[in-house]
Amino acid sequence: MRNVVVENAREAVAGIKDGDTVMMGGFGGAGLPTGVIEAVLDTGVRELTIISNNAGASGPDLSLWFAAGIVRKIICSYPRNAEAFAQRYRAGEVELELVPQGTLVERIRAGGAGLGGFLSPVGVGTVFAEGKRAIDVDGRGYILELPLRADFSFVKGRQADALGNVTYNKTARNHCAVMATAATTVAVEVDEIVEVGTMDPEAIVTPCIFVDRVYMRKPQ
Amino acid sequence: MRNVVVENAREAVAGIKDGDTVMMGGFGGAGLPTGVIEAVLDTGVRELTIISNNAGASGPDLSLWFAAGIVRKIICSYPRNAEAFAQRYRAGEVELELVPQGTLVERIRAGGAGLGGFLSPVGVGTVFAEGKRAIDVDGRGYILELPLRADFSFVKGRQADALGNVTYNKTARNHCAVMATAATTVAVEVDEIVEVGTMDPEAIVTPCIFVDRVYMRKPQ
Amino acid sequence: MSSLSRDALARLVAAHLPQQGFVNLGIGAPSHVADHLQPDSGVILHSENGILNIGPRPPQGEEDWDLINASKIPITARPGCSYFDSSLSFAMMRGGHIDVAILGAFQVSQSGDLANWSTGERNGSVPGIGGAIDLAVGAKSIWVMMEHTTRDKAPRIVDRCTYPLTAAGVVSRIFTDLAIIDITPDGLVVDALLESASIETLKVVTAAPLIASGSMRTIGLDGTIGGI
Amino acid sequence: MSSLSRDALARLVAAHLPQQGFVNLGIGAPSHVADHLQPDSGVILHSENGILNIGPRPPQGEEDWDLINASKIPITARPGCSYFDSSLSFAMMRGGHIDVAILGAFQVSQSGDLANWSTGERNGSVPGIGGAIDLAVGAKSIWVMMEHTTRDKAPRIVDRCTYPLTAAGVVSRIFTDLAIIDITPDGLVVDALLESASIETLKVVTAAPLIASGSMRTIGLDGTIGGI
């Protein structure tokens, strides 16, 4: 039987390489798979492109990656209150692609769903339309937004089974669910791994087809 | 407190008028809100445009609407094995817009999510590309597909509460979940109406913001 | 000139929310409106990070950091709450399912243009857009909640925004620490005015023409109107 | 010429599914492949109407009409099953998450063009496209399962499809009641042949050039290969 459980975060990030694009789940700390923060650092990988709603704060989060200088670019909606990022950004050492949050989520969804893009009304007439194709439909203006995919998606779930079915906890679901559809390798950090067949099939949020690796969060 | 429970299917369809566009949930009989079939017929409404995966079979389904001649057009992915529809179709009395199923679902989702359309790889190089805008992205061809919305969406759920939160049953979820996001008036037929606060907030599929009316399926 | 405290302004906004409406409270000051909602208002609060039917703040020590609002502040869930992912959450916002969004702003123009994400200065500060722009485009009504002027006493209600826009022509109502102003086809109509203020003093701190409503109401210093 | 029964063909296809792969079985004949899956294959079956991890057919009298497959036939759910809505289901299909889709076909061309939804005749018959086209475009591998010829003995494997296309250049493998044929850059390669058939007889009923694989296998009349 399919079994995607791996021992730890180190195994969950195996294969990551210089220049990879990495999606990190979470809205603030909720939904952030903290285990991979250290595990990715330990690989010595560099020049990452990060897709994330935020850019870290001051905990065991993306701040450590910015401090270590392993990030080349971040595609992000709200990189405020992120001191380590801000320092790199001001120094011109990290590129920022600022994306409205709903557009960020939808671009990731499009990447996972095999769409070539979508027409968004968000950003029309603002700087967020710059450099993008404008497309009119029935006289209304839209921006063509393009899909996002990644080499790795790291997200945080509540429960998983060995097949890779995943649930989330409360508002920690946030961007994790779409990110889990849009990467070549999807690794999920969970609080609990349960027997196959014990999860409510009506309440599984991320079906196992999307998930490549599952590991337990280390007790903190 | 918000309370969207209505007495019966008749109240659920109240306000429907000639020429309206109506989404009908269901894949075959699973997810079809059978109560509205008769209720809509009873209103005497005509010239409806139907958005539905199928075109009825031989039960208490869309067949009765086609037999009664109240449908002007159907936007549909698989109108096979639907004799009442086929008769009207052959006679040129009903217009058919045939849409690949995934495109149908995604167009409805776009309608509910406020998108102006999306780029689909499905149908490129086939008759399903005819009459649609072709858009290339990075050298790959896509079809611009436009959103669908309706005046009414009628779908079938398993449980609802008075606020309008809804769950579905097994594969009866199908198109119901997106259709419940994309109409001016969304009415849900359910097997059971439960106390507010008893549904698992992690397992609610259609949050109450999308739902305008809920009624109990009549015992059959 | 005296003005409403942040608390009183939050109370004023809360009292105007539509009964049983679906309301999104933006980050910062708008999030405090939640603390002033009457239990019988039936208002259902949405947060962009994936929750509908938010309750009051948790008691200290009972915070759950997986249950937060868009400001990343711990909240509670009310009976009938639901959790969902960001794509469905933004479908609610972009798709016109939110009745009212309360947003903060740097500037609002007389035609309802909203500037609330950047002052456009290239001072090395980090920009952030978040989900405000999705709400601004997609909610049925956009109400702005802000101080009437900047710290330097410059007007925030202006003829034309000088800061980068969030969205054009979307704001329908402005709640400030001095007044409630409706943006109408005829211009900016003062619907309610702080008891200690006058239309004349209001005009001084507003960089766009104001029209006094024929039925202008008076706002008490505690943020109540006519004893509401 | 003898040929595989529908049952034997389903067994043949089932034996070739990748261990632990995610597989979608199209409506009609492909859906019968489910009945021949070995329990230890680890194959996880998907159906477009919103289920992953389909089990065998239910015993008669225990059908649940809310638990059906894309052919609208009652199924069962296996442990670890999940239900989801159509938008997520088609995201799986269009987004390249399905390893193999088994589809029926009217015609397949030597370059992998697929025609499986319409004969293009204007005879008043009602067209239907369903979800086959989404799979054809989105699944990682498209395998076709069909009779080698039409009822009138016309070849279904052709130089160029004469029926309206479902998708161009997507089919990688064809299972017929006579052979397994791979579509390769070099052309159509016969990977396996029914024991009672020969390459020469196969060529007669195939309207495109065939190449015999150097390691061509033999298919038994019961749909097994080399005792598998």
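In order of appearance the chains are A, B, C and D, and numbering begins at 1 in each one.
The criterion applied here is as follows: a residue touches a chain if its C-beta (ideal position, glycine included) is under 8 Å from a C-beta of that chain, and two chains touch if they have at least 3 such contacts.
Keep in mind that what you see is a predicted model, and the values were worked out from it rather than measured.
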Comparing B-D with A-D, the busier interface by C-beta pairs is B-D
Taking each chain's mean CA coordinate, chain A and chain D are separated, in whole Å, by 35
Cα centre of chain B to Cα centre of chain D, whole Å, reads 30
Using mean C-alpha positions as chain centres, tell me how far chain C is from chain D in Å, no decimals.
-> 56
Would you mind pulling out the distance in Å between where the CA atoms of chain A average out and where those of chain B do?
-> 32
So which bits of chain D are touching at least two other chains?
-> 77, 83-84, 87, 90, 93-94, 137-138
Which residue numbers or ranges of chain B touch two or more of the other chains?
-> 106, 109, 113-115, 120-121, 168-170, 201-202, 205
What are all the touching pairs of chains?
-> A-B, A-C, A-D, B-C, B-D
Per the touch rule above, chain C residues touching chain A in the complex are 47-51, 64-68, 72, 77, 83-87, 89-90, 93-94, 124, 126-131, 133-134, 137-138, 164-168
Residues of chain B that touch chain C when the two form their complex = 1-2, 109, 111-115, 161, 163, 165, 181, 196-197, 199, 201-202, 204, 207-210
Residue numbers on chain B that touch chain A, as the complex places them | 106, 110, 113-121, 135, 137, 140, 142, 144, 146, 167-170, 200-203, 205
Tell me, which parts of chain D touch chain A in their complex?
-> 20, 22, 42, 44, 46, 52-53, 77, 79-84, 87-88, 90-98, 137-138
Chain A contacts chain C in the complex at 27-31, 55, 77-80, 82, 85-86, 89-90, 96, 98-103, 105-106, 109, 120-128, 168-178, 205
